[in-house]
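Okay, so subunit A shows up in both of these, paired with subunit B first and subunit C after.
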Partner chain A sequence: MGLDLSYNKYSSVSLEEKERLFEEVKSDMRYQDHALYGCYECGICVAACPSARFYDFSPRVIAQAAAREDADLMYTLMNDSVWDCSQCFSCDRCPRHNSPGTLITIMREVAVRNGLQTARKALEGYGRIIYKIMSTGTQVSPDMLQPNAFPDWGGHVGDIAENLDVWRRALPPETMHTTETSWYVSEKTLIELYLIWHMTGVMDMIKEVDEGLFDILVDVMEERLEEAGYDDVTF
Partner chain B sequence: MLHLPVLKSKDRDFQLAENPPTEDHHEALLELEKDGEIIVQRVTGPYIEVQTKFGRTKKIPVEKTWHHKSCGQCGHIPGYSTSIFWLNRALGLDYLDPKDQTSCTAWNYYASATSNPAAQAAVAIRNFASAYETGYFPIIHCATSFGHYKEVRQQLIHHPELRAQVRKILARLGKKLVIPEEIVHYSEWVYAMRDRIAERQVIDMSHITATVHPACHYHKLIEEDAIYTPEVYGAQRTAIITGVLNALGVNVADYSTWFDCCGFGFRHILVSRDFSRSFAVQRKIEVMIEEANPDLTVTHDTGCVTTLDQSQFAGKAHGKKVGLPVMADSQVAALAMGAHPYKVLQLHWHNTDNKAFLEKIGIDTEKTWAEFEASVQRLKDGSKQYLTWEDVG
Partner chain C sequence: MANNKILVIGAGPGGLEAARGIADLGYQVIIAEKRDRLGGTPDESSYAALTPDLRSAEEAIQDMIAPVENNPDVEIMFNTLVTGAEGELGNFKVKAMQLGKEVVIEAGAVIVCTGFQHFDPGRETQKYGYYEHDDVITLVDCEKMLKAHNFVRPSNGEKPKRVCFIQCVGSRDRQIGNEYCSKVCCGVASKEAIEIRQQVPDCKVYIFYIDMRMYGYWENEIYWPAQEKYKVNYVKGIATEIVKKGDKLLVKGEDTTLRRPMEVEMDMVILSVGMEPSSGTKDMARIFGLNQNKYGFIETTGGPMNTVATNVPGVFAAGACTGPADLEDTISSAGSAAMKAIAAVRKNALVS
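Then we have the complex of A and B:
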């Protein structure tokens, strides 16, 4: 089904709420830096965009909606379009020096911070990824290579899973003998990372979109932080 | 009818503008350092000078490098990182493989948006400060980390309130706000070292044709800092990978969708993989095969190797024109210098069959696989716990 830009879908949400969210996008330093200068309507961003080839998705529509300050349309796009973006920044080719990719990054963050239902849905199935990176300091760990997680990658994933421990021990760099993380991250480093999550409001963002994940992360981090002598992890 | 002369693009002589359209981050960083706001980590050891997109000079450190590893490389294609380390060792260069390093965590930025600029900057600077404390200069393995750290640098230069916030966070961790004078991607180091690598080449590759896929987050995301030279595509495209392959005697073949991304898409490769597969096969692999018929395709980023390689299995099931081996430039360079295809390049972690390519350059795949299995047997029977650099040659 194509993208519904008729303004009907979210008519039950007040214009004030849509304007509030758009103001949050516009107040972001990245928006003010370089996300949007205007639009020539040349379509170069769309021509370069991989997502535009396979989805009903257009970085130009998003840039123009922002340039026209159409809070209503921006709300629709924030819900139904931004998660299709590949974040490759091919659209930075814009001759007006817009960065639709950056604009979309901001819109996604606003959607997450405000706990929009569509953001929660977009991140369904993504919790283990967030958990892995926030709790271990690395992502895409070797033990993620399981046949049931990547059935479309063929039988070799099964070979890797079967031989994972011994093949990891066959790697010459000693930091890479791990299976649950991509490399060995020291305990001290991990504590520092946890402090960063707490001090920058990232934990609050997680709580907004996935309370269950938030609780698990707090449990994992709390013990380590307390052992390291950090009772107060806020400013 | 008036006929105006038309100059074809291939005949154009590319000239750099006298005044680059972007700011010089070197000057901005030094200014901030002068004001006591930041510490700039300099390249202090031997370095090689290269030219970036708008004609500025960039220093690529030769050794004493602090290797900022990549999650996806170390986790799923470990021969990628192993080859980078192997090249350093084979060239007799000093480097550090740190444990005091986290991922750039950009997965939570570009994929799920469950982070924010302050957190991302603090993570980046924590890693930079860790490198600074060792005296080694950071070299970034992942193109996304490379691109993202350039974004972070730009934000820190222009936003005093962000600097203040990050400085306060770093102080709590007992660290300083350190930014390196150059943000260096490992493929820039491979490019800078290409002549030394070619001097030690033991595998002839002059009969090999390869296509090149430059990573989006290397040359599109903050386009400043990427290496360009008139010798490679008249400086119309980045010089990395192609410059290395040229030095190794590989025939680099062009194809029309070279600018397209690989289809990785961050969240897509994990939760919407139908898009990644379709894009990688239809817009990249099939086009490369139809237009250039290469022996392999070479790229320089985690996501690109993963997507281009892993997507071909499903493409084959759909009767698509696939079967093109995918490797990183570090792997090809190591292979040319005689690195073992399984003990060092770890090609058994790759998906698309690469035996025909290996046999074409004279490598006995049955023999080398048996050698790897014999090494692994020593781990299985307990006579060794780990293989070391001494074990892999």
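Then we have the complex of A and C:
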């Protein structure tokens, strides 16, 4: 499906609301710290962009919509385009020194904070990974390596999975003698992470896009925080 | 005996600079100007601020006039229209009409600085309706309004909320016959766009263009500030037609880089009209027998290495009478013409 840039594609959303969201993007300190100068519309960012090879995705259109202060188009892109970016920042090679990738980071955050339906849908598949990162502090754990999960990895995956604990203990760094996390995460680090998620508004964002995931995380976090003496933290 | 005086025809920026240069080098110069004032087109057309530095045009032109006024080496002939010429290097006899009387000016060499005229948008092949819609104006009209600090819709006197410039009107157009780029309009439009944003901050400003030609330092002196600081909206795509819709103008074109049709309502449209040879330029070419290119500009013979020599020895041309030129080009070529005209009369005097 091609990217549809028609005027007023989301006609049920008022221009005022689109302008409000664009103002939220523009008020971000990263936006003001030169994520955008002006756009030549030259396409060097698209030429460098790996996602553009696979999707009808264009960091140029993001930059030019922002440079033109086109709130309507920004809203369309915030819904239909920003999730196709792989956030590799190859687009930073812009001769005007724009950073379309940074614009996208900000637009994604605004989309999530404001609970855009498209953001929920885009993030649906990531619930398990978010749960893992936010509850354990590491992204992928060895115990996810099950024969059924990754058949393309070959038959030896089964052997490894069977004696996972032994294999892991064979690794030289002691911090990797773990199976439920990629490496050993100390209690102190976890408590700090939970407090950071809480204080920086990440938990509020999760609540906005996935209430079920939010509830599960709160259960895990509240228990550990309470044990550590932070019984006054409420999500 | 050979005549060492040099006649400069036209008292715009080019003519003033040539005259100043000749006088500074210790030679006598006569300026023949058809109007009763010095300053040429920037003065006649009430330019507000100059491109690229946004300096007051009036002040800048006054600075050019000061060194030639009341200068014993400079004779200024106002209300003087050159009508004929005979003779050759070292001995030209140039006929002119001065307030109904014929006069003969004797000079050893001539520098033609008769400049350009703004393209008349009544001749454009699109349908912009300059003579039909009050709110369709040109860069020149806009300049006058900005100078008066009165940028309003001509139709109702109200401050506009949305205006657009359409670039390349009368330039780069095979159908009109002006295939050349007029060179200054991208800079002038961007400069005016900045001034509009300064004078009417609530007004959104668009520039519809084919290519933005902001060479050299114009890039970050005008283009970047217009886009980055003043949020002027550049859209690659030229309007094909302007129609009236209520009390607004509907501009139809294509937003090429977004691959979507563009139909936008504007309060005012500013046509970025280019340069054509002035009637004075065409007259001087005929009177002195100077070659003209297919567009009517005076053809210089030295290519890029000599931008002021013509096919007639002793007759030089500088500034926009030789083709589209910005002020830098004009001032530079006027200096070159002054030097070459002096060299010509001096060498001629030595051999004769």
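Things worth noting here:
In the analysis below, the second predicted complex is superposed on the first by the 213 of 235 C-alpha atoms of A that agree within 3 Å, B and C clash if a C-alpha of one lies under 4 Å from a C-alpha of the other, contacts with A are read in each partner's own complex, and residues count from 1 in each chain.
One rule holds in what follows: a residue touches a chain if its C-beta (ideal position, glycine included) is under 8 Å from a C-beta of that chain, and two chains touch if they have at least 3 such contacts.
Predicted model, so just to flag it, every value in this text is computed and none were measured.
Steric overlap between subunit B and subunit C is absent once the structures are superposed on subunit A; the two fit side by side. In the superposed model, A:F54 lies in contact with subunit B only, and not with subunit C. In the superposition on chain A, A:A170 contacts subunit B only, with no contact to subunit C.
Computed from Cα centres after superposition, the angle at subunit A between subunit B and subunit C reads 90 degrees (steps of 10).
Between subunit B and subunit C, more residues of subunit A are touched by B.
Judged by the touch definition given at the top, the superposed model places A:I196 against subunit B, while subunit C stays out of reach.
In the superposed model, A:N114 lies in contact with neither subunit B nor subunit C. In the superposed model, A:I129 lies in contact with subunit B only, and not with subunit C. By the touch criterion defined above, A:R30 lies against subunit B but remains apart from subunit C after alignment on the C-alpha atoms of chain A.
Superposition on the common chain places the nearest Cα atoms of subunit B and subunit C 13 Å from each other.
In the superposition on chain A, no residue of subunit A contacts both subunit B and subunit C. The touching residues of subunit C, when paired with subunit A in their complex, are 224, 227-228, 231, 233-236, 257-260.
Listing the residues of subunit B that touch subunit A in their complex gives 69-76, 78, 81-82, 85-86, 97-103, 105, 107-119, 122-123, 126, 130, 147, 154-155, 158-159, 162, 165, 168-169, 172-173, 216-217, 220-221, 223, 259-261, 263-268, 270-271, 273, 275, 277-279, 283, 302, 310, 313-314, 343-344, 346, 348-349, 351, 372, 375-376, 379-380, 385-389, 391-392. Across the complex, subunit B is touched by residues 29-30, 33, 48, 50-51, 53-55, 83, 86-90, 92-93, 101, 105, 108-109, 111-112, 119, 122-126, 129-130, 133-134, 137-142, 144-145, 150, 152-154, 156, 159-160, 163, 166-177, 181-186, 188-190, 192-193, 195-197, 199-202, 205-206, 209, 235 of subunit A. Partner subunit C is touched in their complex by these residues of subunit A: 5-7, 37-39, 41, 60-61, 64, 67-69, 73, 96.
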